[in-house]
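Below: a set of structures, written as structure tokens.
Two complexes follow with subunit A in common, the first pairing it with subunit B and the second with subunit C.
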Partner chain A sequence: MFEARLLQGNLLKKVLDSIKDIITEGNFDCSPNGLSLQAMDSSHVSLIDILLESEGFEHYRCDRNIPMGLNITNLVKMLKCAGSDDIVTIKCEDKPDNVTFLFESKDNDKISDFEMKTMTIDDEHLLVPDQTYTAVVKMPSAEFQRLCRDMSAIGDTVHISVTKEGVRFSTTGDMGTANITVRPNPSADLKDEERTEVQITEPVSASFALRYLNSFTKATPLSPTVTLGMVPNLPVVVEYKIADMGHVRYYLAPKIEDEENGGAIEA
Partner chain B sequence: MQQKNLMDCFFGGGAAARSKVKAAKRDSDAGEKEDASANAGAGEPKFKRLKKGAGGDDGEVSVARGSPEKHEAKEASAAKADVPGPKSPRKEKKGLSLKSRDTTSAKESKPKKTFGVGQKSIAAAAASKSFDAKASATWKTGEPVPYGALAEAFDRISATSKRLEKTEIMMETFRVVISTTPEDLLPIAYLATCSIAPPHEGIELGIGDATLIKCLSESTGRTEKTVKQDMKQEADLGKVAMMSRSSQRTMFQPKPLTVRQVFQDFKTIALTEGKDSMDRKKKIIKKLLTSSKKSEATYVVRALQGSLRIGASEQTILSALARAALWEKGEVDAASDESIASSEDAALKVMKKVFSECPSLDKIVPAMMEHGVADLPNHCKFTVGVPVSPMLAKPTTGVHEVLEKFTDTEFTCEYKYDGERAQLHYEGGKLKIFSRNAEDNTEKYPEIRTEILPKSLRETTENVVLDGEVVAYDRETKQILPFQNLQRRKRKDVSEEDLKKQATVCYFAFDCLYYNGTSLLQSTLVERRKALREACQEREGLFFFATDKTSDDLDELQVFLDDAIEAKTEGLIVKTVDSTYEPSQRSVNWLKLKKDYMEGIGDSLDLVVVGAWHGKGKRKGWYGNYLLACYNEDNEEYEIVSKIGTGLTEEELDVVKKQLDPHKIDGPCSYYKFKEGSRNEPDVWFDAQVVWEVKVANLTLSPHYLAAFGSVESGKGISLRFPRYERTRDDRTPTSATTSDQLQEMYENQPEAGASRGNGGDFSD
Partner chain C sequence: MGIKNLKKLISDHAPGAFKDMPLDAYFSRIVAIDASMHIYQFMAVVGRSGEDQLTNEHGEVTSHLQGMMHRTSRLLQAGIKPVYVFDGKPPEMKSGELSKRRAAREQAVEKLKEAKESGDAAAVEKYSKRDLKVTKEHNEECKRLLRLMGVPVIEAPCEAEAQCAELCKHGLVYSVATEDMDCLCFGTTRQSRHMMAPASQKKDVQEFQIDKVLEGMDITMDQFIDICILCGCDYCGTIRGIGPKKSFDLIKKHKCIEKVLENIDLTKNKVPENFDYEQVRRLFKAPEITPATECSPFKWTAPDEEGLIAFMVDEKSFNLERIQSVIKKVKASKSKSTQGRLDSFFSAAPRKPAAGLSLGGKKGANKAGAFGKSTGVTKTKKSGGIRLG
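So, the complex of A and B:
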């Protein structure tokens, strides 16, 4: 059987809010290491990878690997019933038809439980490799959110290029073009999470659909910083670390640049 | 220039995603090779699938084109076919098709068509014999049929204009499916007929272009603007979908589409309703588009639009289905090529009849797989609750013509009521009302269920199917009211209040198709009328039998026709008394005789509005003229037949503008046939949706219009003289509009045209 008790139940809400625009259903995999989920959007352009490690839970028990297919939309609806300070416990059998969610209020004066039907979701497990990124940018998540929103007011594709000097985001739309460059700021006055850092072994640039990036920034409440990892011609990873718990990562396949999109690559 | 080797995704399948316009024009072989090499070259995948996919993840699938011997056989058949026969090509095509028409009439203007076994079908028989279905499969026995195999068959079907070849290709595909994965036959049959359920269930696809463009742009990462630009150039969203090179790479190559998955997805799309239903539909469509390879996207998009446009009619698919089952179930008499051809021919007739009486693939396909084709009539019968398409009448130009056509035959006349055709299916206290398109109209006429039928059915009637006309009727003055009163009625959720406000209706029954457990489709009209009177009784103001008269006296008939007009009906339907009920047939056993057209072509036309010109002067702000098209069943195309501007009141101008505007499109659809650059190009084009009933003085020939082009005189099409708008036909779909074949027939039957051809009578009064 599987049982996990999470003191900050609010965290679960935030995690689901960060994916509900992208997928409607998904297989949560319960394993002794923790609770994880991998899923692609219907167009197979982006991939979500969530890990909530067992250590992050107050209590965690998982005897064997259990896939838990859940409808995300319904799950979000159900979690709305939990107070923001509630403690959440998730329980199910080895081959579950139902998953039980238990919400305990902080003062222990109210307990609610919900049973949700599971569904069989036919998807493949996808192996996401640990990649050595040629460029890694760490920046405040709120700033990244703002940046994506501003960019999408102008165009629908963003070209990201990372050099030693910084990260340049550019877009083109009907009304014109926009460029935003973010520079590493080594100032000692700033806290770690307010700082922008760039580590690169070689410059990288690629274009991405802003629609997806904007959905990714729904994870902003999970973490004060966001990390972008890039390798030439491979998907970008956008990672939000959840303190003491794990991460929400999004992979996004780049766009093919051609005359249609005003890009440069046309050999 | 070839940028194709850039991986379109990061794993699996390599660069198998859709290719760009230019790339699509490559020799397909080279394309496949390149795909394959890209497949191999996609090596060093950074991302891996953990679980092994359920087989056939990669690689292209297609129905193999049969053994080499078969190829030869096919060539031989083609060679034989090239020998000019006694008939003209157009006629020959018809003779072999399933659309058999009764030619017993004395005044059939066309040459008689031979039925049964022709040269071509004998040659085809030889090919069918050597076809090894199992060996031609590109998937393993028992595995789900890949959608790619079907798409490839569709490609080949669209590539030929010969109906026989189309049937052949479809038949081979069906045979392969039957011999490997028979459970996929039903979904394939539905996908090939571009439907997802029997018509009376009312479940239809039909996603608007705007939604499809959105899905396409989101799944390929192209902007809507560029998709629309392509759309302008190609005028076919299906093609645009195929040629849209994805500018967005994917994370993992999606699994190839299977026939059953696509069918299931279509069904889900059609059934999805309620909150966010559009978003949920779009998600499924995007998934389908992302997973589509090569031409799959074309057919996914076209199916969602509601028409495959491969030039294979339902009849073609059905005959392919019957023949495929015949071979795979070993029902063929393979003694000689002739015997094969004749057993195939028999199977076609059985299938055609069974489908007309029981138009449900859900019933036919499983029964056919279990019991074979020959035994089908014993397992799929006409039943209460499954409507058949109504039997239709042919137009005539006057009493003379009727008398001439029915020489030596006993016939009877009935008033032709001007209302809405309705088939009533009653059983065990429950009633369903079906329109001529098998739409469920039960809710539109609640009073038939609550009042009319309970009062008129006799107590001994347990179940019955009636054919008749719902007519607006004033119960106080006992007068029939104009048809328009029915159109003003609400279609759904009709409350007591509404009923008081709306015109009252009366049901005029003229036929009985089923009575107390027995199908009467094979019974004669005399027997059916007897059953009708046994099942029901007349009730003043609610339920009448159609007024009829049996006579073969010219003057008496003329008087009866005048009476019919006096009684505010459209005229007469003349029926032979010993004819059976022929569902969906425009039979020569039923003739219609309308007053208005005694001099003209005998009937009004139902035409599709495909364009309009902005109005000037008095009509400023509305449309001034409209462009009309008829439907060509063979090519699934709309052929421009005339402009029209008269007959509309100011109120109607306003109504039709509101009706038409939502169907505005940027340019003509690729399946609109019109003379380019001529004065026939309107200011605004419409999607083929709205059907108008139009009255005309007569038909003429014109080089500017392409309806039935060249069929009467080379270089000329048929057009209308003095067309006048009559009304909008909500009960007609564009594909059930007047066809080019019908126009041609009407043209030839016109008194003046007929006279000049030497086979018409003297119709001058």
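So, the complex of A and C:
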């Protein structure tokens, strides 16, 4: 059986908010190490990778791997019933037909439990290679959110290029063009999470659809900083760390610049 | 017209072999489309009421163009890269089927006359549908339209389905879009039905994978072809008293048509005169096609605006604004087609071979793999590149 008790139940809401625009259903995988989820959007352009490690829970028990297929839209609805300070406990059997969510108020004066039906989801899993990045950019997550929003007011594709000097975001639309350059700011006056850091081994640039980046920024409340990892000609990873818990990561396939070329197909 | 009741047979014995997917899921995939089959469909469906087809002011039929233009633009908007394959000459084997169809058409004309005299509107609709004929001109017009839209067109030496299958087998296309199930007999690895369904129907694409069909039915490809021949295909008659279910059971038991024929009561199950199954097998296995290696690479180009307007508006009297809006949509779809797919960068996690029943186990195994990976990323630190975190 599986049982996990999370003191900051609000965190679960935030995690769900960070994925509900991208997927409508997903398999949460319970394993002795923790709770995880991997899912792609319907057009297979982006991938979500969530990990909530067992250590982050107040109590965690999982005897064997259990896939928990849930409808995300319904789950969000259900979690709306939990107060923001509530303690959340998730429970299910080894081969669950239902998953139980238990919400306890902070002062222990109200307990509610909800049961949700599970579903069998035949999803495709991808092996995300254990990768080293040629460029890693860490910046305040709110700033990244603002930047993506501003960019999408102008165009729908953003070109990101990372050099030693900084990160340049540029876009073009019907009304004109926009460029935003973010420079590393190592000033000692700033707190860690207010700093922008750029580490590169070689300059990288690629184009991405803003529509997806904008949905990724729904994870902003989870973390004060966001980290972008890039490798030439490979998907970008956008990571939001969840303190003491794990992460929400998004992978996004780049736009292919050469449109004459049909691109590789794999069977 | 495909194999009789094959869909049902597959869903009975290999339920894991097909799944419904949203059209979105095909984006940036190259898909071969059996053009001839679809043109016929357009003629039968698009803009029809009673006996009348969609025509322009000169009385020329335009259903096929209307259908082809809008459905193609829908595919392009979904980011799909279509390749249209047209029929060449019909194979000799099909002559029996074709003469049958001709007879059916003549009969339909008779019935149509009767229905018109008696004023039965439903019957008029029914029989006039059967009197449809796709002429060479219709095909040529569609090709011209597609080329103007910047979509690649291939002319098969013989059956379009066979050519589609060849492209699919060699990985030049991801899947074959046709409603006819016999494309699976030609060796198509992945078939997509309802891909050209109108947007208004909101139908999901139904995708079949031959390896899963064979796995689920637990037969070989040769046996699958034999079952299809027994079920009834376009190329020869069927044995009396043997339907899809019986065909499946017989082949499972006796492994091939030769043995089946030895073991059935030939007086009860009468074998038709033209039952040349060996020839049909040959046709399925080695059809007349242009080898994939000789096909020139597909190219999707920007639509020829002036050309399209000249053809569709000036010649075919389509509404100028409508054509312009289609052109706009096709142009806009170009930016979408440059988006890469994640699964072309990352490989799929290994699946357990057993399809269908053992879902629970399979899931667990998969998950463990993916999970191990993600923790791996967090933990390991190597020199060289930069790690996250």
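Heads up, the rule we're going with is that the second predicted complex is superposed on the first by the 257 of 267 C-alpha atoms of A that agree within 3 Å, B and C clash if a C-alpha of one lies under 4 Å from a C-alpha of the other, contacts with A are read in each partner's own complex, and residues count from 1 in each chain.
Please note the rule applied: a contact is a pair of C-beta atoms (placed from the backbone, for glycine too) under 8 Å apart; a residue touches a chain by one contact, two chains touch by 3 or more.
The model shown is predicted, which means the values in this text are computed figures rather than measured ones.
Once both complexes are superposed on subunit A, the partners subunit B and subunit C clash. Once the two complexes are overlaid on the shared chain, A:V45 sits against subunit B and subunit C alike. Touch criterion not met for A:T220: it reaches neither subunit B nor subunit C. Counting residues of subunit A touched by each partner, subunit B versus subunit C, the larger count belongs to C.
Of the two partner chains placed by superposition, only subunit B is touched by A:T24; subunit C is not.
Look at A:T196: by the touch rule set out above, it reaches neither subunit B nor subunit C. Contact with both subunit B and subunit C is seen for A:A253 once the two complexes are overlaid on the shared chain.
When the shared chain is aligned, subunit C comes close enough to touch A:Y133, but subunit B does not. Legend: residue contacts after superposition of the two complexes on their common chain; A:S205 is shown touching neither subunit B nor subunit C. Legend: residue contacts after superposition of the two complexes on their common chain; A:Q145 is shown touching neither subunit B nor subunit C. By the touch criterion defined above, A:T118 lies against neither subunit B nor subunit C after alignment on the C-alpha atoms of chain A. Once both structures are laid onto chain A, the subunit B stretch out of 81-89, 351-359 or 387-395 that overlaps subunit C is 387-395.
Taken together, the two complexes place residues 40, 42-47, 124-129, 131, 156-157, 209, 234-235, 251, 253-257, 260, 265-267 of subunit A in contact with subunit B and also with subunit C. Here subunit A touches subunit B in the complex through residues 24, 40, 42-47, 124-129, 131, 156-157, 209, 211, 233-235, 251, 253-258, 260-261, 265-267, going by the rule given at the top. Across the complex, subunit C is touched by residues 27, 29, 31, 33-34, 36, 38, 40, 42-47, 49, 51, 53, 64-67, 95, 120, 122, 124-136, 156-157, 199-201, 209, 227, 229, 231, 234-235, 237, 239, 241, 246-247, 249, 251-257, 259-260, 262-267 of subunit A. Per the touch definition, subunit C reaches subunit A in the complex via residues 19, 22, 24-25, 27-30, 79, 81, 171-174, 189-190, 297-300, 334-335, 337-349, 359-360, 363-364, 366-371, 373-378, 380, 382, 384-389. Within the complex, the subunit B residues that touch subunit A are 3, 6-10, 46-51, 53, 218-219, 221-223, 226, 245-254, 280, 283-284, 286-287, 289-290.
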